[in-house]
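Residue numbering begins at 1 within each chain, and the chains themselves are lettered A, B, C, D and E in the order written.
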Amino acid sequence: GGKEPAKSGEKVIKVGLVAPLTGDVQSFGEYTKNGFLLALEEAGYKAGDYKIEPVIVDDRNDANEGANVATKLVSQDKVKAIIGPVTTRSAIPVSDIANSNKVVMIASTATNEKVTVADGKRKEYVFRACFIDPFQGTIGAKFALDTLKAKTAAVLYDQTNDYTIGLANYFKDNFTKGGGEIVAFEAYSKDDKDFSAVLTNIARKNPDLLYLPDYHQKVSIIGKQAREKGIKAIFLGGDGWDSPDLDFATMSGGYFTNHFSADDPRPEVKSFVEKYKAKYNTTPEFCAALSYDATKLLLNAIAKANSDDTTKIKDILKDTKDFPAVSGKISFDKDGNPTKAITILQVREDKKYNYVTTVNP
Amino acid sequence: MGKRALNNSRQTAALLLLAAAIYTAVKILALSGLLTPYWLLVLDQALITTIGALGLCIIYGFAGQFSLGHAAFYGLGAYTAGTISKLLGHGSLAWFIAALPAGMLAAALVAFLIGLPILRLRSDYLGIATLGFGIIVKVGMDNSNKLFPVLGGATGMAGLPQVATFDFIFLFAVISVLLVRNFIHSSYGRSCKAIRDDEIAADIMGIDTTRSKVLAFVFGCALAGLAGALYAHRYPFIHPSSFDFLKSFDFLLIVVLGGLGSMTGTVITAIGWVFLLEGLRFVLGQQFIEFRGVIYALILVITILSRPQGIFGGKELGIFTPPRARPAVPGKEGEHAGSGN
Amino acid sequence: MEHFLDQVINGLQLGFMYALIALGYTMVYGIIKLINFAHGDVFMVGAFIGYFGFAQWGLPLPLAVITAMAACAVLGMIIEKIAYRPLRYAPTISILISALGVSLFLEYFCSLRFVFGPNYRVVQRPFEEVHWSLGGVTVTNIQVMVAAVVIVMLLMLQYLIYRTKIGMAMRTVSYDHDAARLMGVNVDSVISITFAIGSALAAAGGVLYAIAYPQIQPFMGIMPGLKAFTAAVLGGIGIIPGAVLGALIMGQVETLTAAFLSSQLRDAIAFAVLIIVLMVRPAGILGKTNPEKV
Amino acid sequence: MPVLEIKGLSKNFGGLRALSNFSLTLAENEIVGLIGPNGAGKTTVFNLITGVFPVSSGSIEFMGKNILGMKPFKINRLGIARTFQNIRLFKQCSVLDNVRAVFHSRTGYGLLDAFLHTPRYSAGEEQIYAKSMELLETMNLADRAGMTAASLPYGDQRRLEIARALAGEPRLLLLDEPAAGMNPAEASALVDLIRFIRDRFKLTILLIEHQMGVVMNVCERLVVLDFGEVIATGLPEEVRTNQKVLEAYLGKGVTVA
Amino acid sequence: MLSVTNLQVFYGTIQALHGISFEVREGEIVTLIGANGAGKSTTLRTISGLIRPKEGKIEFNGQDITRMPAHKIVQMGIAHVPEGRKIFPNLTVRENLLMGAYTRADKAEIAASLENVFARFPRLKEREKQVAGTLSGGEQQMLAMGRGLMCKPKLLILDEPSMGLSPILVEEIFNIIREINRGGTTVLLVEQNAFMALQIASRAYVLETGRIMISGPAYELQADPQVRSAYLGSIGKADKA
């Protein structure tokens, strides 16, 4: 909750944070929260003449729960802005709720394009601090073809998650376009644990590459079973991999596309990593960086508007140009998405990553 | 024997009066700002849950048919009505009014088709079969986008027009209560209870058990469908996981905690349960939110341990009791049903 | 053909896994007619304890399994004593609700940070998986181990229930508590023992499951528990060999559906098979529908 | 036309032959006793007549109509009602509802009336109520109408079973050990009651009973079963002295009153 | 041998027994008679530990067994053949009988008892392997009796053992009771067939709505005009004159 309760007469804006503080991707939530609080602390819980009061809620990486807590934020806590949700799964319903209630929302890491646009309609109040999946999937496919020299690939994705569906499809389209062959394109459900049937099928086709665009938990178990079925393919994935909870032993050697690397020599990154380490005693990852960025974006807009009128805040956000964020300069396109570079990392057995390359849009 | 007036116009009047009083109270509270939009939403959810739970109260509490798939029918209602409103209605009231019966009908029709064969099964076997059916429906919803992209499949369906106001939901809740009460106190309801107590005897006593069971099932599922249809017009986002077997368990535990065969219990528990869940979120705050599940579970266990027959254990408030003959039926009527093992 | 056989083996592995959970489930059901929804969560606790045992406390695997089984046997008895015994004279549905509550409690309690925590853990296997090639199909040591454990437990349970005095007492308790008491049976302790055995089986299942699918977290028991119970119903609930039969069928149906049809439909097809079987045999495959004496 | 005509009826349970080549004809307004040792197949006869089990062979006609293969509830609606040896009341329902439930197919109102509580509903309900209370009064249960069936004492439960059977407005009533668990004083009251309802409702009654006092007092004719076969038929006086019956069923203790 | 003092039993709020006292001496047959719902079964169930009395005391061979769990009471040598038989329908006839000997350990003696029971009830021997649930009513009653005998009790409690039995079997059952008694087993008998019960019993108690109204030697009660009109009835006389 907020540090000190607002004194009467003081102008207050409440800002909600929706993140998976528990559940399968809890590490994302934890980092996101840390980044968010760090940004607020730096700003002294202030933006313009307003005191900022954070309200942090947990969506467990669940669409329904996301909708529930967002509804509460909007109608009970009366927040003016929301940072998050972290994952696409919950960000899509929450963005609808925020937009229809004229609450500004900046998703930090939810990368699916439907977060800001639905059925061809722009959700005016919704923005994000990260690149989007069409880009991420495309880069993944390019990297597979050009760098990894893969000719055949198999794709496994979670049909209950737009994030993985999106990535899987963009990867597939671009991989085929570039001359590769997709030998298997299989879906599974959130709760599945036994992938042996599908993996046995894939093993027979002996693909060069296995594209696993899910979060760290799922890819770890799929990766493990794949190796056991004798699949030798290189693993490739998306930003969902980056977590200390990844099964590094199994996934080592695999590559994934990401937003941020703590080893990035840029000074913004260096100073952020230092500040973060000082406060939390660990190295930040992408969720921390992006929620930090998203929060700064928001505070900046509130300060500029110096009003709690969300329409004004939204209009200022829309015109953001080259905002100096940790994860790269942010300018929003017409859909509220920044255009940013992608970092490609390789998993190492020792729980670290090899920096491979950065791809600019 | 003297002249008897066998109808429950008095109870009906009392019930409507009570409803009017509650409605007014809610309105006043809302206007005065004591009831925030958030709690109003929770109240709407509670009323919707009540309608669905009344459906299961008929199926399980009165007809004794163990169903663990109630949420599937709730979902069928929601998806049917939601789709109609999204594609055709775009927030128009007329379409909303049309979408409600459509949702009910879809649920009822499916209930009929599946009920006919499946209701031959007994107790736990029926429970598992309905549970299985619920899972099949959920898989269907998860994959619905392959046939009808608008349904959204496993990622949910967003952008539903929000036309269902408290007034509407309250009205339908009252209507549902009346319908259920009238049904129970008719010979249809009595044959359901007879089947619940002893199916073979009921059959031999001339009750068409298949018909009665299917009727109760279809009626109960239609109410679930209605609840779903309202839900889809109150929440902008519906998702298959809102209709999975855990949701069915929610309905089940409401009906059992309330006391099997008690309308009073079902209505009060449904409302209480929804408020409890949200209330916990509120009371615990962000700091202790992780204890919510634990406390919820503990309350569940403690309640059933302290009231093994359910909170109302087969008892009914006066407004739900059967039409009384005057002179009154000897013995304590209105305490019948329930309390046995 | 070989490919098909490989898939059948996959199905067997899954099936035996379900069987391991289904055995305890069906046994408890057979004695007290309770769908013990907490069974899947005891399974989860067993998995965690086993994991702590071999991965953190450095116990040899058999010792870890035994520790988990013993701990869960105690847990099962405690659950029974606190949450089910007070409801002995209540309708079974009340006990079922209590079981549901216990199930949720175990899930959420274990999710607390100071217990197991809400997150999954990667299980480091105590031994490496070994593949054996048998005439073209591949079998792993884990598969063989799971199958062996199931078969041994099946035989032990059958012996216990039909050949021993305590087994006969269990069967009388399954019918009528008072009548059993009048025979001199200590009903409370028979039920306690039933839960202890059932929970120990669940724990063994949990440890093996954690080795076969090496990721564990507090909600891991829900789906396997549900599937296992369904399998038990499919085979004829309360009948020990029925649980194994049902589980093997479920495993095959799910795997073959995923392999040759679509993995999205696996649950739908599995439950459709259940419903169809129940239409033909309303008490499951091995279940007897004794025409009720009127 | 006989009310009931059974010819060559047999029933096997697995390998067990519970009933073998059983024939019986019941005329209007008769009270016939079906007696025989335990396990002779008496209840099985009732179960076959009321359609609980399929028959193995033979024929059953009721009022000239073949009822083989009919569902139990259809048979009941034709006019055959019964009570159960092991009482099977609707336990959690009130005494009144136990009787009223049986009127389900004859309420005179439909589902819509029920939902809306139309005047037609009220009229139908009043009628059912009146008829049910009348039956309960006949059976001396009217003052317990509101109690749950399960809370009744045993003897009252047996009488409620009869009241419930009568609510089906049967032509033929099958009573399975109605006096079981009653002491002789209560049983003799039951005898009067059985006679009374026969006359009052113009019934044909087939009665299974082990209390010879009841059987000899109320039955006009007896059929004796043993091992699924008829070993004797005739007037009570004749049967009582029949050597086979004495050996198989009555034993030497029973002396002629 | 058994003494019951001031027994008060409630079902929920309903009082079923209002302070009952009686005793059974070693070697006796004592019968409780009374109308339906008088509380006979309740009394028996309280003695065998199935119901906890609210007040009162039950002593068996000088030992207080009032609040002892039912299975311990069986071990002390009290067998209760309950009303409605309560056989185990899913067990075979043989297994049912063996359950009767659950508290006994000596295999040879159990086998002897089994033979003994089969000799008394040849029908049970015929049906040895049949699942008990499908037995006819009378067969089930025989099984219940046989099962009671299997524990070689010191005190045998019988709740309406003749219910639903054919006349010849009723006679048989009463003979068996008499024989068992002669063999040294004390019997506490509840019967609706008051006539027969009074014939074999040494003493009797008449229960009315949870109270003992009359007690005395059986032959005295048989002659008591009040008892005759209330419990023996004209039908009884017709049968057994």
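FYI, a contact is a pair of C-beta atoms (placed from the backbone, for glycine too) under 8 Å apart; a residue touches a chain by one contact, two chains touch by 3 or more.
Owing to the predicted nature of the structure, the values given are computational and were not obtained by experimental measurement.
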| item | value |
| --- | --- |
| Chain D and chain A - chains in contact with each | B, C |
| Of all other chains, the one whose Cα centre sits farthest from chain C | D |
| Leader among chain pairs (count of C-beta contacts) | B-D |
| Rounded Å distance between chain B and chain D, as computed from the means of their C-alpha atoms | 40 |
| Chain B-chain E separation of Cα centroids, rounded to whole Å | 49 |
| Distance from chain E to chain D - Cα centre to Cα centre, in angstrom | 29 |
| In chain C, residues with contacts to at least two other chains | 111, 118, 264, 267, 294 |
| Junction residues of chain E, two or more chains touched | 134 |
| Interface hub residues of chain A, defined as touching at least two other chains | 22, 159, 189 |
| Interchain pairs in contact, sorted by label | A-B, A-C, B-C, B-D, C-D, C-E, D-E |
| Complex contact set, residues of chain D against chain B | 50-52, 71-73, 76-77, 81-82, 84, 88-98, 100-105, 107, 109, 111, 113-117, 121-122, 124-126, 128-130, 133, 142-148, 150, 164-165, 167-168 |
| Interfacial residue positions of chain C with respect to chain A in the complex | 3, 6-7, 10-11, 13-14, 111, 118-120, 122, 129, 131, 140, 213-215, 217, 220, 222-223, 254-256, 258-259, 262-264, 267 |
| Chain E-touching residues of chain C, taken from the complex the two chains share | 165, 168-169, 171-172, 174-176, 178-179, 181-187, 290, 293 |
| Contact footprint of chain B on chain A as seen in their complex | 1, 22, 55-58, 62-64, 67, 71-72, 75-76, 89, 92-93, 96-97, 100, 118-119, 159-162, 165, 189 |
| Touching residues on chain B, where the partner in the complex is chain D | 1, 4-8, 12, 179, 182-183, 186-191, 193-194, 196-198, 200-209, 212, 215, 261, 314, 323, 325, 329-333, 335-340 |
